[in-house]
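Each chain carries a letter (A, B and C) given by its place in the written order, and its residues are counted from 1.
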Amino acid sequence: MSSFLEYMSLNWDHVVELAIGHAIVVAISLAIDVVIGVSLGVLVFRRERAANVALAITSTFLTIPSFALFGIFIPIFGLGYPPTVVALVMYGLLPILRNTVAGLRSVDPAIAESAQGMGMSATQRLFRIELPLAWPVIIAGVRVSTMLLMGIAAIAAIVGGPGLGEDIFSGLARVGSVTALDLVLGGILGIVALALIFDTFFNVLGRLTTSRGIRD
Amino acid sequence: MTSEAKSSTGPQGAARLFRYLAMPIFLGLACLALYLYVSAQQLDSIEKRILNTDFLFSRVIEHIQLAVVSTVIVVVLAVTTGILLTRPGTRRVTPVIIGLANIGQAVPSIGLLVLFAITWDFGFWPAIVALVAYSFLSILRNTMVGLQQVDRSTIEAARGMGMTKMAVLFRIELPLAVPIILAGIRTALIINVGTATLATFVDAGGLGTVIDRGIRLGRDLVLVVGSVLTGVLALSIDWLAGVAEDILRPKGL
Amino acid sequence: MTDEATKESMQTGETMIRLENLSKVFPAQDEPAVDDLSMDIYEGEIVVLVGPSGCGKTTTMKMINRLIEPSSGRIFLQGEDVTKVNSDKLRRRIGYVIQQIGLFPHMTIADNIATVPKMLGWDKERTSQRIDELLETVGMDRSYRDRYPKELSGGQRQRIGVARAMAADPPVLLMDEPFGAIDPITRDRLQDEFLRLQQEIRKTIVFVTHDIDEAIKMGDRIAILKQQSKIAQYDTPEKILTDPADDFVADFIGGGASIKRLSLSSVEDIEPADWPVARLTDGYEHVQEKMRSSEKGYVLLLDVRDRPSRWVGAEDIEHEEVSLEEAGRPAVAIVEANASLYNTLDTMITSYKGSAIVVDGEGRYQGVVDFDTVLEAINAMRPEEQTRDRAKRDVQTGNGGL
């Protein structure tokens, strides 16, 4: 334990640097996921078959082992950022899509009807009524995706991607030396710490952006 | 087959059959395409050592062993713990577990594998422990949420009829929770098949070996074969689990 | 229902809404939901669409603001053919209130009400004033502006729903069972308030309900609809009750139609009986004098403000044992002048001597009605029936027609 703390204090800069890289790649992928996931959800939530197809496809992404996905992207996208981001985007899509669809469908039909009856166009209804009401559920989906991507991003190191996975693999490579365990622990704990930070952030963001009228 | 599937007459039955068969057909075609592609290639000596039936088959078996063994263990542990933690006395723990499980999803599977390898040993069993550790919280959470959803009024009716708590557990709650448990098994399988892909890094074998070698040796063909086979294996197991889930689900639920 | 004078002016008023040969066929069904419906709705009247479930009344109403598009036929609003215009824009000219209300939970009350004005581009000042106006109109305090729907009771939410529908001051309001989800006591009160409101604002209102009693209470004219929205009868409540067009209408009104008619007349339509009245301050002699000079056997004592206080009978004042304030029994069967005959009868049945005291808005004595006077009034209401019976008799006995 004490050696780990010593290691941390000595290598703080390095760990933080990796952590930032980790955070950035996750954040970028999440942002893309939100754009694609929410847009797709808006498009399909009223059509059962289209929704089922979209959900089935994105859930297949999650079934495919991440290592395989990262691997197969190397010949296509090369090393480093591109395969990492593409794979992460594919993984993070399902929770957000699923929650967008569920959230939009959960809007009380009476509310949607009265909005339409008052003369709101479909676009106005979407942005002023349906999305704001579905928002808490959508944010919950974003939080799930974040946790998923945090863990999976560790594998990115294999394809030369950024993040704390690098330390885990370094630790693996140096098995037997004193620093191996420290490196691995640093990697794991760094990711967990990042996860907590991101989760808190989304928790607070969710509260702030959710109208008081629908907060429990 | 369940009574639903028996009524497979007419367009409804045909649609259901198609949905069941869509995946295996797709996977079969993928394998066929892969096979044809590889056969058409000129393999160098390195590739030949990897891309042969024996080697690949052994890796597949290793992979399945890792996945199945870890799933059995984690389901036993998680369901038991889940039952224990949803008793009236312990129910308050549920939100804590859910919170932990949510964060726990962020713990990198590769991290756990390497951690156990360094602190204990490389090889099959430490990998199993890591796999169990990784999937435990998810399955636990799903089990607890599922058990909680068992309708309170059903239990109340049962207690009102004079059933003991144990009887209620075994004759009401567990049977009603079977779908949840089945879903949990399926989820665990999928998670563990995925994590087992990384087992190669701790000398536990599996198809990840093929992928890894493809990367390290710079052989794209090997890499592609490894990735595709892994994906096919994962989707096949998922499909099988889904079919089993449908068959085993009690009627009336 | 509105008073006679206004009713007259309504008949000659503009046609606000005209439905011409409206039909609606839903794809999955063989029979049309609405079959060739034509009706006119005049400016400022409340028209109630009422009928059994599935008769298409809600579908008909929703075709007016084209939430459901007609399969054929035309709709005219203020003389303009709106069958094909942009439906979103059309709906901003029509207020719409539904049973479940549909307030937007994530917006404050003020924002809810401001929805249509905002869409129409009103400036903030005007909108804010309008919100205050409306809150006052529906009887709610300005402090509700910043509350959220979840903080309001069902009755309050319904009021806000009505306020929201009226925000942009549309000439027409469509209301689909607006009081259906409220408890009966609140519903009664809301209906009364709404009728009072209508006296002020004079909107053209199309009101859908399955409750014939609500229809009778609220409607200036009622359209009783059969399956596929075929009109069985489209007339004033009085005419429907006294002269149902066919068995369907008669069945729909149900038993007690005649009694229901009593809810359409008010007690001020009746000549009150001649009843001996005195003041508490008059003293025993005066009261005994009154008692002797009338045949009624009971005298009503009023307080200093002319409000009915006590009933005293002959035995009560014979011996002058107690003061007038404590003699006899308290007068409790009291109705206001605008109470319906229905409610008056109800009060009378439980009263001591089968009579009800009529008072004005301030509680001051107006007169007394008893069963005799009410019966006389009911009989006088039956002139049409008597005319019909007489005509029938004449035909049968061979007397010449009138």
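By definition in this document, contacts are C-beta pairs under 8 Å (C-beta built on N, C-alpha and C of every residue); 3 or more make two chains touch, one makes a residue touch a chain.
Note that the structure is predicted; figures quoted are calculated from it, not measured.
The innermost chain, defined by the distance from its C-alpha mean to the mean of all protein C-alpha atoms, is A. Two chains share more touching C-beta pairs than any other pair, namely A-B. In this assembly, the chain whose C-alpha centre lies farthest from chain A is C.
One finds 58 Å separating the Cα centroids of chain A and chain C.
Rounded to a whole number, the gap between the C-alpha centres of chain A and chain B is 21 angstrom. The distance from the centre of chain B to the centre of chain C, with each centre set as the mean of the Cα atoms, comes to 66 Å. The residues of chain C lying in touch with chain A in their complex are 65, 67, 87-94, 96, 98-108, 115-116, 119, 148-150, 161, 164-165, 174. If you check the complex, the residues on chain A that touch chain B are 60, 62-69, 71-72, 74-75, 143-144, 146-148, 150-155, 158-159, 164-165, 168-169, 171-172, 175, 180-181, 184-185, 187-188, 191-192, 194-196, 199. Residues 102-103, 105-112, 114-115, 117-119, 190, 193-198, 201-202, 207-208, 211-212, 214-215, 220, 223-224, 226-228, 230-231, 234-235, 238 of chain B are the ones that touch chain A when the two sit in their complex.
Chain A contributes residues 108, 110-121, 124, 129, 132-133, 210-214 to its touches with chain C in the complex.
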